[in-house]
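Two complexes follow with chain A in common, the first pairing it with chain B and the second with chain C.
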Partner chain A sequence: MISGFQISARDIYGVMPLLILAGTGLVVLMWDAFEKVPTRIPLLLTVLGALAAGATGIINIENTGRVFNGMILNNGYSNFYSALFSVAVVIAVLLAERYLKDEEVLIGEYSALTLFAACGMIMLASGNDLIVTFLGLETMSIAFYVLAGLFRRRQESNEAALKYFLLGAFSTGFFLYGIALLYGSFGTTNLDGITAALSIPAKSASVLASPMFWMGMGMLIVGFAFKVAAFPFHQWAPDVYEGAPTVVTGFMSTAGKAGAFGALVLIVNIAMAPMTGNPAALNKMQTLIGVLALASMFYGNITALSQMNIKRMLAYSSIAHAGYMLLGVAAMSQAGATSVTLYLTVYTFMQMGAFGVVGLLEKQGGVGLNLSDYAGLGRRKPVLAFVMSIMMLSLTGIPPFGGFFAKYYLFTAAIQSGLTGYAILGMIATLISVYFYLRVMVVMYFRDAEEPALQVSGGGGIALSTTGNISAWAALAIATIGISVLGLLPMILTNLAKTFYLH
Partner chain B sequence: MVPLSHYLTVSAVLFMIGTAGVLFRRNAIIIFMCVELMLNAVNLTLIAFSQFLGDQTGQILVFFVMTVAAAEAAVGLAIVISLFRNKQTVDVSKVNILKW
Partner chain C sequence: MGILSILIFFPLVGALGALIVRKDEAAKWVALLTSIVTFVISLVAYLQFNQGLPGYQLTEQMPWVVSQGLTFTYFVGVDGMSMMLVLLTTFLMIITIIGTWNSLSKAVPAFMALLMVLETGMIGVFCSLDLFLFYVLWEVILIPMYFIIGVWGGKRRIYAAVKFFIYTMAGSLLMLVAIIWLGIEAGRVTGHFTTDLTKLYAVAHQLPLDVQEYLFLAFALSFAIKVPIFPLHTWLPDAHVEAPTAGSVILAGVLLKMGTYGLIRFCLGLFPQAAFEYSTLFSVLGVIGIIYGALVSMVQTDIKKLIAYSSVAHMGFIVLGIFSMTREGLQGAVIQMIGHGLSTGMLFMMFGMMYDRRHTREIKEYGGLAKSVPLFATFFGIAVFSSVGLPGLNGFIGEYLTMMGAYYSPVLNTWSYAIWSASGVILAAVYLLWMYQRFVFGRAAGAPAPSGHGHDDHSAHEDHGDHGHKLLDLSWREIVAVVPLVGFMIWIGIQPMHFLKVSEKTMYQMSDDLLKMKTGSVTPVQQAAK
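On to the complex of A and B.
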């Protein structure tokens, strides 16, 4: 496999978005270290770098093939995800400026870590070898551990970082054991090699009958389920999402999830596609992932009903969203892969938008995160309340916003693969979620603020510091436009996604 | 020659010991050591497969695992230190401002 290894210009060009992001990250880190007076330059550098990486991804979207000896994908799929993660970085950094200023954290550290996490995500979504997937997952996670503990002096942040780190490292062990067992079953870690092995009937039958394959697959899925916070491996999520800085939570719960799903789709929906020839094994696999999906949907939505802290509520709802996306993975078809891609794109915009509004309303020291603090927001801050309402409607899945079509394609893909029962239960779970998403809107528009004094007395907050508001509005505008465009014209993305898996 | 199954059994047992340690110990540093034990158990599996399949990939992955484990240790210990500065404890059962 590895013989006469040489790196050509084509290889370098194939991972251009990754290199741009990593390079920008290093420059920002150095700039931050030598900067005497805090300026906006690290922020500008990050945005420019991320936009350049995103543009490179879009330009290369019609590429096909593999680079680095078949280790890394350079096709529509990997380039589309590179662009998505770059946009996520732009939103995350723009949203963070005012928030971090109030908390007296330098934007440079945050930007650099966000960029490094995005590098890991790109490796995940373009990894054509389980080794690359593993490295990507770890690059992303290690950056996230640090980001969760960004507020070094705040105990909640320390605690979130410790919990995330210990459970994340624990899940890495399972993930890696899964890789080792799959390597033992197939004799290769390359996804093309796995597809080839599964395409040979004799080899495929012996592998799919061996307990080693199923243990490996199970462990791999456990590892992924930890990272995307699917039930019953979700315990860390509410605590970490609540304790971590709000802007970090927004980035972690969207782009982080997108990275992990990007890799899971490559492994399950694309590399293991030949499994459809073996109905018994296919059924086993679909049940394994489908049950995980249903459990996450119901657990996430039912627990979110009783949450009064808005960050915790969004954390539980993100468990449910992981469940919806797992249903697309369980479909084990290209339609499933496409629907997960669409869902992830929409989800990144809507969840980051929601967390952006939460971050803007939060006051220094984590005050103002309760649902009751949102009372009367429709009158006090009409534009923010309007943006929040769009995000909530989209998260519920009400047309004409992106969330509706994303769910529609997801359930359609599940039904096409014969998972009708799962899809119906999924729709019931969606109905439960209507209650707590719409409750936010009801509180914002139909309830008066209990303590009008809070507005004046709370230090920080948007009333006091106005620097960085422009960038935050820009980020919210990107998110709102994103879900509106995908809500009205989802075909842009679904048609594009059909060309992703040709090579 | 020692058959493959022996290696796999030893590494599975080591992995279980590591898992049990993570689940039952309360000291953050010890938990982290148990995680390292899990990773090294997997390394043993990988090397055993690599040897028996006559394929280099497994051994290369082991190098990456060791690198990643080192990076993880650096970040993890930094997190533990910043927690200790604020709280004077590394006992995870006392780390409970947020509900588990």
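On to the complex of A and C.
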């Protein structure tokens, strides 16, 4: 195989979004290094590069096939994810301009790292081989480790980076070991190979009966559960999300999750689809992932109830959202895969929108992150409060916003696969979440500010700089419009989803 | 775009308008004009509506989400019952805006915009013929109501708003599971996932009885919370008491009806077999609600709370009528929904007018209103009598019909419910007339206390800042708001057939179908009623 390995133009074209992002990242990095006076050029380059990558993804969405010797997918699924990550990069850098300026960090290195992380995510969502998946996971994670520690002088930021790195390295071990055991079971790491092996009844029966497969699968899932911060592998998440720069947290908790789920769905829902022919194994797998999903939902939502720091609250709620999406994975069906993809898309918009508002209201040095600081925001900053309300309602899953449709698809997929009990418990978990999402609105609209912590005053505050206002508003506008449009016209996504599984 | 779509979405124009004009007065006028135009549109729809047909009319259907496996349509239409409720909604909205014109002091444009969004949601709920659309609108209603209570409400508004939201959410999430389940079952039968109500009837009736029962309970829980049926009513007094007047009027007048509407449309319509199984349970809860609501009302010292608990009692009659499943019971339920919307809405609104003058909800702070504000006392008295169920006014018709239905019902098969609920009528007379006596007659508040009550009245004396001012009687604006309500009360009371006939065909057919399923044939009582 290796001897015959040749790279053709088709291969290059198949990974175009990835190449565009990587190239942009390199250019931005170099520009940043040689730039004497900070300008907006790195930001513009990043946005243009990401838009180009996203457009390429959308143009190629009807492609079918594999490139690089069957190692990388080039179909609707992978190209859709490429576009999603590109949009996430656009929002992330636009939101960051003013925030980073206030914190006196140059936008160039942030942009480059974001782009590199997105490259890793694309590899994850288009990896048709567990090795590529692993490469993607590492590329993404390493960029994230650095991003979490972007505020070199702030202790919490350093702590976040170190914690994330140590625990992340540990989980990588699990992941690799899982791949090794799966290789032992299937004799291949290629996902097509795994599908083929599972499609042969005799082979499938022996593999699914072997402890090696289940050990491997379990470890693989542990590795993913760590990356998506699912209970009980979430321990790092609240500290890292709180300590990392707010814009980084926004990107990490959405696109990062999307990357990991992109790969997990590819492996579980698509490559292992033939498993549905073996009810015992299917049941085992559904229980394995389903229990993880329920535990995450309940743990995340219940813990979020008592959080007074808004970043921590969103961190715990993101654990719960990982749980919802795991339920879509547990459905083990194509409908489940579609629903997770839709959920990730909507989730990216709403969570980044929420973090965007938090970042805009945060004062230098991480002040203004307590819920009580938001008191009376409805009067002082009506537009920001309005955007935040939409994000909260959407995160809760209230129609007519995108979050509702995404959740609806997820639960439908779960019930279609016979996971009705899980779906009902998931609804109950959702109900718990209503309280803390509503509380943000209660504070913003129903309470008056006792202490105007966020008002424009000395000591650096939101009015410290005005550059970047436009880009931040643009980012919030993208997120808000995204949520509303996907809420009213979800068929935009569901139509795209039809292309996902063309081979 | 058909008439119903225009009707549903027109208030949104007003919502935008109210936000754009920004000035308080202008926003009120925008909202008022919007609600009047909406009412006119609903009248046009009513004129196009053929009362002689039982099924859904003025239907419009277009695809909304079409994808593999999942399809939802934008599907609206009305039958006799929903036509009545739509008219109630659009009518009550005008009255509410006029009646509470000066009650608000802050953020008026936002309030008016929320009211308009609420109107869109309410009309939409009554017109939806796709369960998915129904669910979306059902949930959308929560948001404006939550803000109306939370921003403009009384002292404990945050508690009340959050409680209202979470209670309603709790029910509706289970309903969502049931909707999805039903859609998937439809997919199994017809080949593709659908939540189209007209297609689901056939699907639902074929389901195994235990599945029907689960689904029935999931739907019924959601509606029972909204109605509210005892013992799920605890959010209601809080929400009513803390909401601003306009919020209370809409909540009592229309929002509660969404629950009973849902019980008829979905619980009875989709799962008749399960409804038979549970008719005893719900009738018992309905009767408990009637008596419990009345008894709790009796001891209230807060007028808004008293009216709120009286709602629990009145809604109990509707539940009883629904689960009697007879022609009389269902027709009574519909007319009682309208009647309760008018009379309780009027009670809340008129008390709101007094509250704006005196700023207290305690009954003992009032008294002597008959002398100082005779017009107010008269109109309030009419509302009270209508609520009591005095013959000649609307309340009597609904209560009489529901009790008659319960008495004859072959489903309930015993007359004891009718007897017990009749005691609720007597109790209603007790608590409402007693309240009226203390509120309107007697000494003016602050007058020297008779001996023996010295301690009780002490606190009242400390807080009578308003006492001594001359209370103003109803203004022209307020008279304009209450006269149409009184007009309809008397009209329904004297000529109920004008109103009953709108929903007659729909309800008769429904009842006949149900009873045929239950007993195998139409009962003699039914024949006699023809």
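In the analysis below, the second predicted complex is superposed on the first by the 495 of 503 C-alpha atoms of A that agree within 3 Å, B and C clash if a C-alpha of one lies under 4 Å from a C-alpha of the other, contacts with A are read in each partner's own complex, and residues count from 1 in each chain.
Simple rule for what comes next: contacts are C-beta pairs under 8 Å (C-beta built on N, C-alpha and C of every residue); 3 or more make two chains touch, one makes a residue touch a chain.
Given the structure is predicted, the values throughout are model-derived calculations rather than measurements.
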Sticking to the clash and touch definitions up top, decide whether chain B and chain C on chain A clash or fit. fit
Going by the contact rule set out at the top, does A:Ile142 touch chain B (first), chain C (second), both, or neither? first
Looking at the overlay, what does A:Leu176 touch: chain B (first), chain C (second), both, or neither? first
Considering only touches as defined above, state whether A:Asn309 meets chain B (first), chain C (second), both or neither. neither
Touch test for A:Met427: chain B only (first), chain C only (second), both, or neither? second
Touched partner set for A:Gln155, first chain B, second chain C, both or neither: first
Touched partner set for A:Pro490, first chain B, second chain C, both or neither: second
Expressed to the nearest 10°, the angle that the Cα centres of chain B and chain C make at the Cα centre of chain A is 140
Where chain B and chain C come nearest after superposition, their Cα distance in Å: 30
Can you pull the chain A residues that chain B and chain C both touch? none
Chain A - residues contacting chain B, complex: 1-2, 130-131, 134-135, 138, 142, 145-146, 149, 152-153, 155-156, 158-163, 165-166, 169-170, 172-173, 176-177, 179-181, 183-184, 187-190, 235, 238-239, 242-243
Which residues of chain B touch chain A once you look at their complex with the stated criterion? 8, 15, 18-19, 22, 28, 31-32, 35, 38-39, 41-42, 45-46, 49, 53, 55-58, 60-61, 64-65, 68, 71-72, 75-76, 78-80, 82-83, 86-87, 92, 95-100
For the chain A and chain C complex, residues of the former touching the latter: 335, 378, 393, 398-400, 404-405, 408-409, 411-412, 415-416, 420, 423-424, 427-428, 430-431, 434-435, 438-439, 441-442, 445-447, 490-491, 494-495, 497-498
Along chain C, where are the residues that touch chain A in the complex? 64-70, 135-137, 139-140, 142-143, 146-147, 150-151, 157-158, 161-162, 165-166, 169-170, 173-174, 176-177, 180-181, 183-184, 193
